[in-house]
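Next come two complexes, and both contain chain A; in the first it sits with chain B, in the second with chain C.
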Partner chain A sequence: MARMKFLCDADRCIDCNACVTACKNENEVPWGINRRRVVTINDGKPGERSVSMACMHCTDAPCAAVCPVSCFYTTADGVVLHSKDLCIGCGYCFYACPFGAPQYPRVGNFGSRGKMDKCTYCTGGPEPDNTPLQYEKYGANRLSEGKLPLCAEMCSTKSLLAGDGDIIAQIYKDRVAQRGYGSGAWGWQTAYRETIET
Partner chain B sequence: MKNQAKFDLVTLRAPLDDPEVGGDYYGLPWPCWGKPEFKHPGSEILYNTSLPVKEGGGTFRARFGVERNGVNLLAEGSYSKDSEIKDGYPEFTLAVLKKLGWDKDLTAEEMAIIQQVNATNPDAVSWSTDLSGGIQRVAIEHGCAPYGNGKARVIAWNLPDPIPVHREVIYTSRPDLLGKYPTLPDAQQFRVPNIGFTVQKTAVEHGISKQFPLILTSGRFVEYEGGGEETRSNKWLAEIQQDMYVEINPADAVDRSIRDGGWVWVTGAENNSKTRMKALVTERVGKGVAWMPFHFAGWFEGVVLRNKYPKGRDPIVLGESMNTVSTYGYDPATGMQEPKATLCQIRAE
Partner chain C sequence: MATLCAHIRSIVTAMAILIFAVAALPATAQQPNAVDPNADAVKEQQLLQQFDRIQGLGQIPDTRSYVIEQPMGRVWRQFHEVWLHWIGAIAVLGMLALLITFYLIRGMIRIESGRSGVKIVRFNSFERFVHWMTATCFIILGLTGLNITFGKYALLPLMGPSAFSSWSLAAKYAHNFTSFPFTLGVILIFLMWLAGNIPNRVDVEWFKRGGGMVGHDHPPAYRFNGGQKAVYWIVVLGEPRSRSAAIC
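Right, the complex of A and B next:
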């Protein structure tokens, strides 16, 4: 089984937001909610960098560790998913997540939150694959159709890579070797407890 | 996209033996000569004399005549592979084919169409007006490029500046440079007068650059296509940038007590124009320069005009249009409006 990961090559990201737009369109993510976003640091200054961020589908995910109702599970492909039937919207996962991935589309009275929503690696959720019910709750299920997440597929500079961790790490390594520089696989140490030696 | 996988990633060419796209270059890049039955593969590199024209090779287009001031403008000693003419040649017309004795290669149907295109003077029908595709076909069968084989040129004698020179923008922040680098004299261009010189001179006489000391230019969001009206009607893209804004350097912002994200009025050098938008204080623009995106519309001088849109056709987000504060200027060669660089003043609301 493959271990699916995301890798954003920050030396290539041009902040075009194609990943964000692709994600929103594919998964019908409402206005104000971002499963994926592009974060730019040092905006307008020398050394400006942009990184596309979403749920990284961590190894031993911290969201799962803190969830009081154990709604998280990891698929055979290494994708971290959750059940919106079990989620109580407590927000613990939001505090635990190092990437700011969990989103809460509904607001309730007295600051209570609705069910958590996040990147599913275009893998749907616990409902049967590619059913309207699954789409309505979790969005697209491209992985079951043999396709990768649309954000990475749409990336205009192929900065954002999705796929088996070993394969995308090799692509990144080859890239860095050829061009002679690389600022590292951003977030990999935090998410996967490993770095890509280049 | 059915055949996409067949194309080589480096040569961009499909294998020669493929039944459907054999030998084609990906996307059939221009020029892809002749009628579909001619099955030209497209020309991946425009100037490539190492291939026959029939296989995607090409010469330099003989675009500027054959001779100027007694100098030959056609290629000399250079021609594409397998060309039967081992030298430069003009673009192909029926007259050229006749001179070479190649007109007999045209089919009767092709000849009939050429006669129809220009019944009074069929000799003048060229590769570009011949609807039969015959002139292109015959030229290429003899190894020649239909548009001729000429030399490149450095001096564009038919343009106002045959060799580009620096000319100060109409509304310049450096009036001291106008003595040396004025814009072109007023002239009638196409159907309209271009009075750029008068406008430039008048602006200096009125001290416009003192009233409007900031250079103003505009640009595109990387996630947008087009002017914005369509893009701002797309809910996913409209969400990414919801406010019209002007970028201003921290030094200029401090002088004007402008806060990052605060409302400002930007005034333009013509017609007492004014626009209201947010300020983005950033070092991305230099001191003395301001920048705006040109995608927004739907506000005018601070007034929201959403109710003026046809029902259901108003974009999701509105804002001031950059055009409101841009100024006079037309390119003398094309007549295209040139509002890219002008002057403005910005003050905090």
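Right, the complex of A and C next:
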């Protein structure tokens, strides 16, 4: 089985936010929730870089480790998913997540956040694949149709890569070798405890 | 003198020209490839070493999302999944073991000469209400808190994921809501019984004589004895810690 990963080539990201829009549209994400966002570091200064970040689907995921009701599971493709039926909206996963991926539909008193929502790598959730029930709770299930997450598929500069970790790492390596520079695979060391040697 | 100055000046000038020529030489040679688009580029590892989190500027109203990487979440996980389990288990099981040991050694402490039949009001109805409101909240907070930390090991295998989730959701709300009357209760307890809980010399004597718990002595005390005062201060000073837990 493949080990699905995301890789944002920050030297190519033009901060167009198409990935954010595509994700919202494809998954019908509720108002106020951003499964993916683009953040610009050193905005307006020489050497600024934009990075598109969502759930990185970590190896040994911290969210899964701290969940008090164990509602997370990892698919055979290495995608970290969770059950909204089991989630109690405690917010622990947000504290533990290195990438700020978990989102909550409400900001209420007394911990009434609602069920957690996060990037599913366009893989749906525990419900049967490609059912309206699955779509309503978790959004699209493109992986089961042999497609990659839409954010990466429609990235205009091919900055955001999705796919098997080894393949996208090789693509990134080749790019760095050809153009002579690369600011690194953002988040890989934190998420996968490995980085791409270039 | 003038010739010496002129001599020095010409040497300095010659050296300056030489240094300039040497410095300029590689610069002109490198000119075509000198533009490095990556020269000032931010590097992930460098940023993490400097600030231990990476944040920038985003376009959405949620400013928390501007932090794209914070490996410190690992510390939070380590505390919650490792340290808290040990601290909690040692505190709860250790206290239980102490109480059982004490009970087995000392047994139940009865009134030596039986009840006198005369009742004296020590606490008025308001004090009793505040005490039991706080005690009820404490028990609910304790059980639901233990559920959040240990439930997935102790109850989840017994109850199954669905029932355990429903119970944990109710427990979470119970925990969040009862924290407020609990805090109110502790504040009222602090104010109501502060005057009777200032430590004094009688308490030293009380502790020296084992407080009647060890041996069969009857050391004197005012409204609250030394042991009760100790519990009072543990509860009152322990409250800010539970506040911090409520904020988290």
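The definition used in the following text is that the second predicted complex is superposed on the first by the 193 of 198 C-alpha atoms of A that agree within 3 Å, B and C clash if a C-alpha of one lies under 4 Å from a C-alpha of the other, contacts with A are read in each partner's own complex, and residues count from 1 in each chain.
Going forward, a residue touches a chain if its C-beta (ideal position, glycine included) is under 8 Å from a C-beta of that chain, and two chains touch if they have at least 3 such contacts.
Here the structure is a predicted model, which means the values were calculated and not measured.
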Chain C versus chain B, contacts on chain A by residue: C
Touched partner set for A:43, first chain B, second chain C, both or neither: both
Partner chain in contact with A:189 - chain B first, chain C second, else both or neither: second
Partner chain in contact with A:155 - chain B first, chain C second, else both or neither: neither
Which of chain B and chain C A:17 touches, first, second, both or neither: both
Partner chain in contact with A:71 - chain B first, chain C second, else both or neither: second
Contacts of A:58 with chain B and chain C, given as first, second, both or neither: neither
First (chain B), second (chain C), both or neither touched by A:86: second
Contacts of A:119 with chain B and chain C, given as first, second, both or neither: neither
Shared contact residues on chain A - chain B and chain C: 17, 20, 32, 43, 45
Touch list for chain C against partner chain A, complex: 36-45, 47, 54-60, 62, 64-74, 76-77, 80-81, 147-149, 151-152, 156, 161-162, 164-165, 168-169, 172-173, 176-177, 248
Chain C-touching residues of chain A, taken from the complex the two chains share: 10-11, 17, 20, 32, 34, 37-43, 45-51, 53, 62, 65-71, 83, 85-90, 92, 95-100, 110-112, 180-184, 186-187, 189-190
Residues of chain B defined as touching chain A within the complex: 222-223, 235-237, 239-240, 247, 282-285
Touch list for chain A against partner chain B, complex: 14-18, 20-21, 24-25, 31-32, 43-45
